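Listed after this line are the structures, all set down as structure tokens.
One chain, chain A, appears in both complexes that follow, with chain B as partner in the first and chain C in the second.
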Partner chain A sequence: MAALSAPAVLFTVGMIAFPVVYTVWLGFQTFSSTGKQSFAGLANYTKLISDTEFWHGLWVTIALFVLSLALQLVFGVWLALVLFHARRLSGIVRSLFISPFMMPPVVAGMMWLVILDPSLGAANYVLQSVGLPPSDWLASPTWVIPTVALIDSWQWTPYVALIVLGGLQSLPPSVYEAAQIDGASPLKTFQRITLPLLLPTIVTAAILRSVDLLRFFDIIYITTQGGPGNASNTLNIYGFRVGFEFFNIGYASALMLTLTAIVFGAVLAFNRLRGAVAW
Partner chain B sequence: MTDAAHNERWIRWLNTVQLVIAGAVIMAPTVWMVLSSFKPSFEVTAYPPTVIFAPTLENYVELTRTTPFLSYALNSLIVTVGSTALGLLFGIPAAFAVSWTRITWPAILTLAARMAPGTLFLLPWYVMFRQVGMIGSYTALILSHAVITLPIVIWVLLPSFDAIPRSVFEAAQVDGCSVTRILWRIAMPLVASGIAVSAILAFVFSWNYFLFALVLSNGDTKTLIAAAFNFIGEGSTQWGALMAAATLIALPPLLLAALVQRWLVSGLTLGAVKG
Partner chain C sequence: MTPRMLGTQFMLPLLAIAAIGPQAHAADFDWMKFKGKTVTFLANNNPVAQALLTYKADFEKLTGMTLKVDGYQEQQMRQRLVTVMNANSDEVDAFMTLPSREGEQFAASGWYADLTAMSKNEVAKDYAPAGLSQALLKAATFGGKLTSMPMNIEGPILYYRTDLFKKCGLDAPKTIKDVEAAAEKIKACDSAVTPFVSRGLKPAVAYTFSNVLHNIGGSYVVNGKSNLCSAKGKEALDTYSRLLRDYGPPGVVNYSFQQISALYRSGRAAMAFESSNELRTVMDGGARLKDTGLMPFPAGEGGQVPTTIGWGMAVSSHSKQPEAAWYFVQWATSPEVQKKMALQGIAPPRPAVANDSEYRKWIDEEPVRKEWQAALDVLATKGSSEVGYPIVANPESREFIGQAVQDLILKQKPVDQACADADKALDGLIAQK
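Moving on, here comes the complex of A and B:
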């Protein structure tokens, strides 16, 4: 029996466990411009505390995380309710709904780059034709984070919706019948019955999205590379650039271990929340 | 018509309107991408944008003429097929063993790896692969992408293996069947559809993965996704070719996903949700 899992275990040790331990060790090293490495103790971590770019990256990461998660949960639950009341969904409709999150995030970035072009993009044309002012979208330091959140939400809201739809379909019909007999309004029924019963599913969707949102990379790297300036420089983008553009592997390791701790901390916190709303 | 029936129809109509709006928002950007890829170059950047035009394949021809698109596509195929095969080779027996023995830590470790930011692994891999001269090799790319495919295979298959009654295996064991034989002859045929779903999901996520190839590939082994920068170019002059590239890159995962759309959500949540 042990022999059956041996290849997977060996692979996991070689490609995951050992490299992570190695990253911890790299986090205690400094690399000079000539590539010479030496032991630095906690220098990378003290540097991190005084590094304004790190704190900026943390702020960008959290802002993007909160904004995207809120959008995706609100619209995801709405879309799930709409799909639920549509009853039967043909395979074609389902395929269309999953198409945003099954395409590569890089492709989503490429196509929104064209749509959101400040001077020739279709998005600004639509805004102007309904009398709204055009936006610089990804090129604007103020709007780049909401814009990236919007792109990611376009991609992943249907995913959240399908998870919540699964939760809706597994709710016992008897609770609705009771509400109907009591003459509860649809809004009251949703607020007092559906939403509380759905909360565990919604928290599960939140966990799955948080893991991706806290390490946000693909769409930003393909569209802005952290810009304009450093306006969309998330921790993952910052760590990547420190490591592979400036080749400061030691400091990048410290940054990435910190980000990993944040991701796992968030997952554990959400997991406790899920325990609290379970029924 | 009674009031209640009238209300019912009104609610149905309202729901359909919402469904159509949601569908339009979801589909519009993709439709725009595909339309733009068939526009003549002077019309791609027309402002106001045009919807009616004479479709042309010029962007696709331009793309294959000016960039090594086909060799990037071949690289993507090699890395994706290789890592999917490796994920299945390691993941199927591992999922079976975890399901049988209830020793879950190997499965949980691969899941933890899936949650950590990719850069966390990429930093030590870069140092390690450089030391042995493997940067730019297909081997390094396939091994790194197997970190994506292995947890997908294990976690999609775990519920399938769990669903097989124990008595099936116990009877085979009494008949003197070895564990490997039970897996190969009895368990795997029973979870064949699960294996197909896990293979397709692994393929899609390996194909879509960006970060690792960005650092571990070189000019000869660059995957389509990592080469996306080469297509973006300067300004809006190449929009037609860019949208042609985007359409072609998105096509394989979208076609495969349509095949398994029914099982997709439960598979994608790695067992957290039964959809």
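Moving on, here comes the complex of A and C:
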């Protein structure tokens, strides 16, 4: 039996363990601009501490993570409730809501780049036609993070909604019947029954989205490349540039391993939370 | 034997043999020498490669070789190259490269095969390597080694709306100050139009900014130190960022060639300082065909020093078949292929092709093409290929130039602070060996 499963085990180890071990090894090397390599010990990791761009990237990553996750959870739950109670054309409505996250992020990024163009885009046209001032959107250091969070939320809120909808459909009807007999209002029913019972599902959705949000890359790469200035330079974007544009593969590996540790930490924290809210 | 005798009796015959050497080799040249082999070409999916690969079947028919094309967008192509080269892999035989950007770095890393000997000894009769732009060949030579052959010639030029200039009572700008004065007048004359647009996206800024810096008389490095805080450097930073901040479109800090071409093509910009390669895109649809004038960026106190670069075709140092790869490079940069590409709007890096009757006929079909070619002629004769710092870490240096310009556009720092911060970071890069 062990012999039969050996190829699968070897394949898995090869595909998962090797890249990780290789990246760890790279993190202890230093590469000059000309690609010359030498052992650096912990130098890449100590460099992180004094690298202001790293701390800025971490801040941007966390800000995007918190803002996007909050938007997607709040609107995802709301959307799931709407879909759950929709009676007419529910199939069509659900298909329409799903469509954003079926779209490749690059396409979504390009589409929003055009819509949000301050000169030619439709967004400012709409704002101005209702008497509001135009915005620089992705070109404003102040607004770039909220704007990117909005784009990501447009794309991924339906995904959260689908997960929550699954959770809603699995809730026991008897609890709602009891609440109805007791005369609970819809708001109280939501606060005291739906939300607590849905929490494990919501935390699961949060875990799934957290992994993506902490590794935020594609939308930013397409729309701002980390700019304006370094206002949207997430850790992932920073690591990519250090590695593939400046060819400092060793430092980029250290950056990416640090990001991986942050992602693992977040997942572990959410898993603990999930255990605490399970019923 | 006196030195003079040594020169006349010994050296001169040697030089004569060297001079006729290529012809002797050319006579033996056989395009079918590597028949049956497969050459892998790592291509950037830009208009240059697209035009070239239209004739892929011709190459395969001529040589009996198979051309395997591995095509990506520019940045992804570099990522692929870095991965392949760091692994010392022979997966790629020939690749496209931008010597002005990565030349120093790739040469120092040993990624380019030395083409010096092959370009002299292993050439077809009609290849004429001396007919290629000498400036571009020089820009592709590092440490005495020729690392790539020029595929095209390009550089930023000024596209301007002749109808708007006429409407606002303006003549074509002759100096940088004229550009700013024209922008100011157009802003007052037609508020629906963006007076001036150019690159504001951080990594893209150096391409256009370098032209302004050089025209103003500035330089990136003096005595081994970054020079942005010199009077000329500050003036260039101030002028470029002021043009974009006061007369550019909102959100210009995210503008690169796509946005600039789209804005100008749609008729919403009066002046666009953008690559000569964008002519086809800008003229797409024909709306700008009759109301556009073209010229190199007007002179400053330092004269007119346009930025002139070109994509090159290199052979990988890890290729197991560099000679076969060289045959592909030679075919791709031959006068015949470059003439065909020129008729698709790819500016030829060979003056002879630019003077070819069929190409001239194509140029003469539209006045805007004539101005385009005239601008390219200036680029070919006066151009500098210095885009960003002439150091191994050139791509990284462009980040700091772009940062300084963005700091000024967004009014996040005064010019003294922006240039000082950039100089500090750039001195660190220069110090890296």
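In this section, the second predicted complex is superposed on the first by the 265 of 279 C-alpha atoms of A that agree within 3 Å, B and C clash if a C-alpha of one lies under 4 Å from a C-alpha of the other, contacts with A are read in each partner's own complex, and residues count from 1 in each chain.
Throughout what follows, a contact is a pair of C-beta atoms (placed from the backbone, for glycine too) under 8 Å apart; a residue touches a chain by one contact, two chains touch by 3 or more.
Just so you know, these numbers come straight off a predicted model, no measurement behind them.
Chain B and chain C, once both complexes are superposed via chain A, clash.
Once the two complexes are laid over each other on the shared chain, residue contacts for A:Thr201 go to chain B alone; chain C is not touched. Looking at the superposed arrangement, the partner reaching more residues of chain A, out of chain B and chain C, is B. In the superposed model, A:Pro100 makes contact with chain B only, not with chain C. By the touch criterion stated above, A:Leu120 is placed in contact with chain B and with chain C alike.
Contacts of A:Leu257 after superposition on the shared chain: chain B is touched, whereas chain C is not. Contacts of A:Val60 after superposition on the shared chain: neither chain B nor chain C is touched. By the touch criterion defined above, A:Ile249 reaches both chain B and chain C. Touch criterion met: A:Leu4 reaches chain B, while chain C stays clear of it.
In the superposed pair of complexes, A:Gly227 makes contact with chain C only, with no contact to chain B. Aligning on the C-alpha atoms of chain A brings chain C into conflict with chain B at a single listed stretch, 255-263, out of 93-101, 165-173, 255-263 or 381-389.
The contact surfaces that chain B and chain C form on chain A in the two complexes overlap at residues 117, 119-120, 244, 249. Of all the residues in chain A, the ones that touch chain C in their complex are 32-35, 117-120, 134, 136-141, 223-230, 241, 244-247, 249.
Residue ranges of chain C in contact with chain A, taken from their complex: 75, 78-79, 82, 85-86, 105, 108-111, 194, 201-203, 249-254, 259, 262-263, 266, 268, 392-393, 395-396, 399, 403, 406-407, 410, 412, 432-433.
The residues of chain A lying in touch with chain B in their complex are 1-5, 7-9, 11-12, 15-20, 22-23, 26, 79, 82-83, 85-86, 91, 93-100, 102-108, 110-115, 117, 119-120, 122, 125, 129, 154, 158-159, 162-163, 165-167, 170, 201, 204-205, 207-208, 211, 214-215, 217-218, 221-222, 236, 239-240, 243-244, 249, 252-253, 256-257, 259-260, 263-264, 267. Of all residues in chain B, only 11-12, 15-16, 18-19, 22-23, 25-27, 29-30, 32-33, 36, 45, 47-49, 89-91, 93-94, 96-98, 100-101, 103, 106, 109-110, 112-128, 143-144, 146-147, 150, 154, 179-180, 183, 204, 207-208, 210-211, 214-215, 225, 228-229, 231-232, 236, 239, 242-243, 245-246, 249-250, 253-254, 257-258, 261-262, 264-266, 268-269, 272-275 touch chain A in the complex they form.
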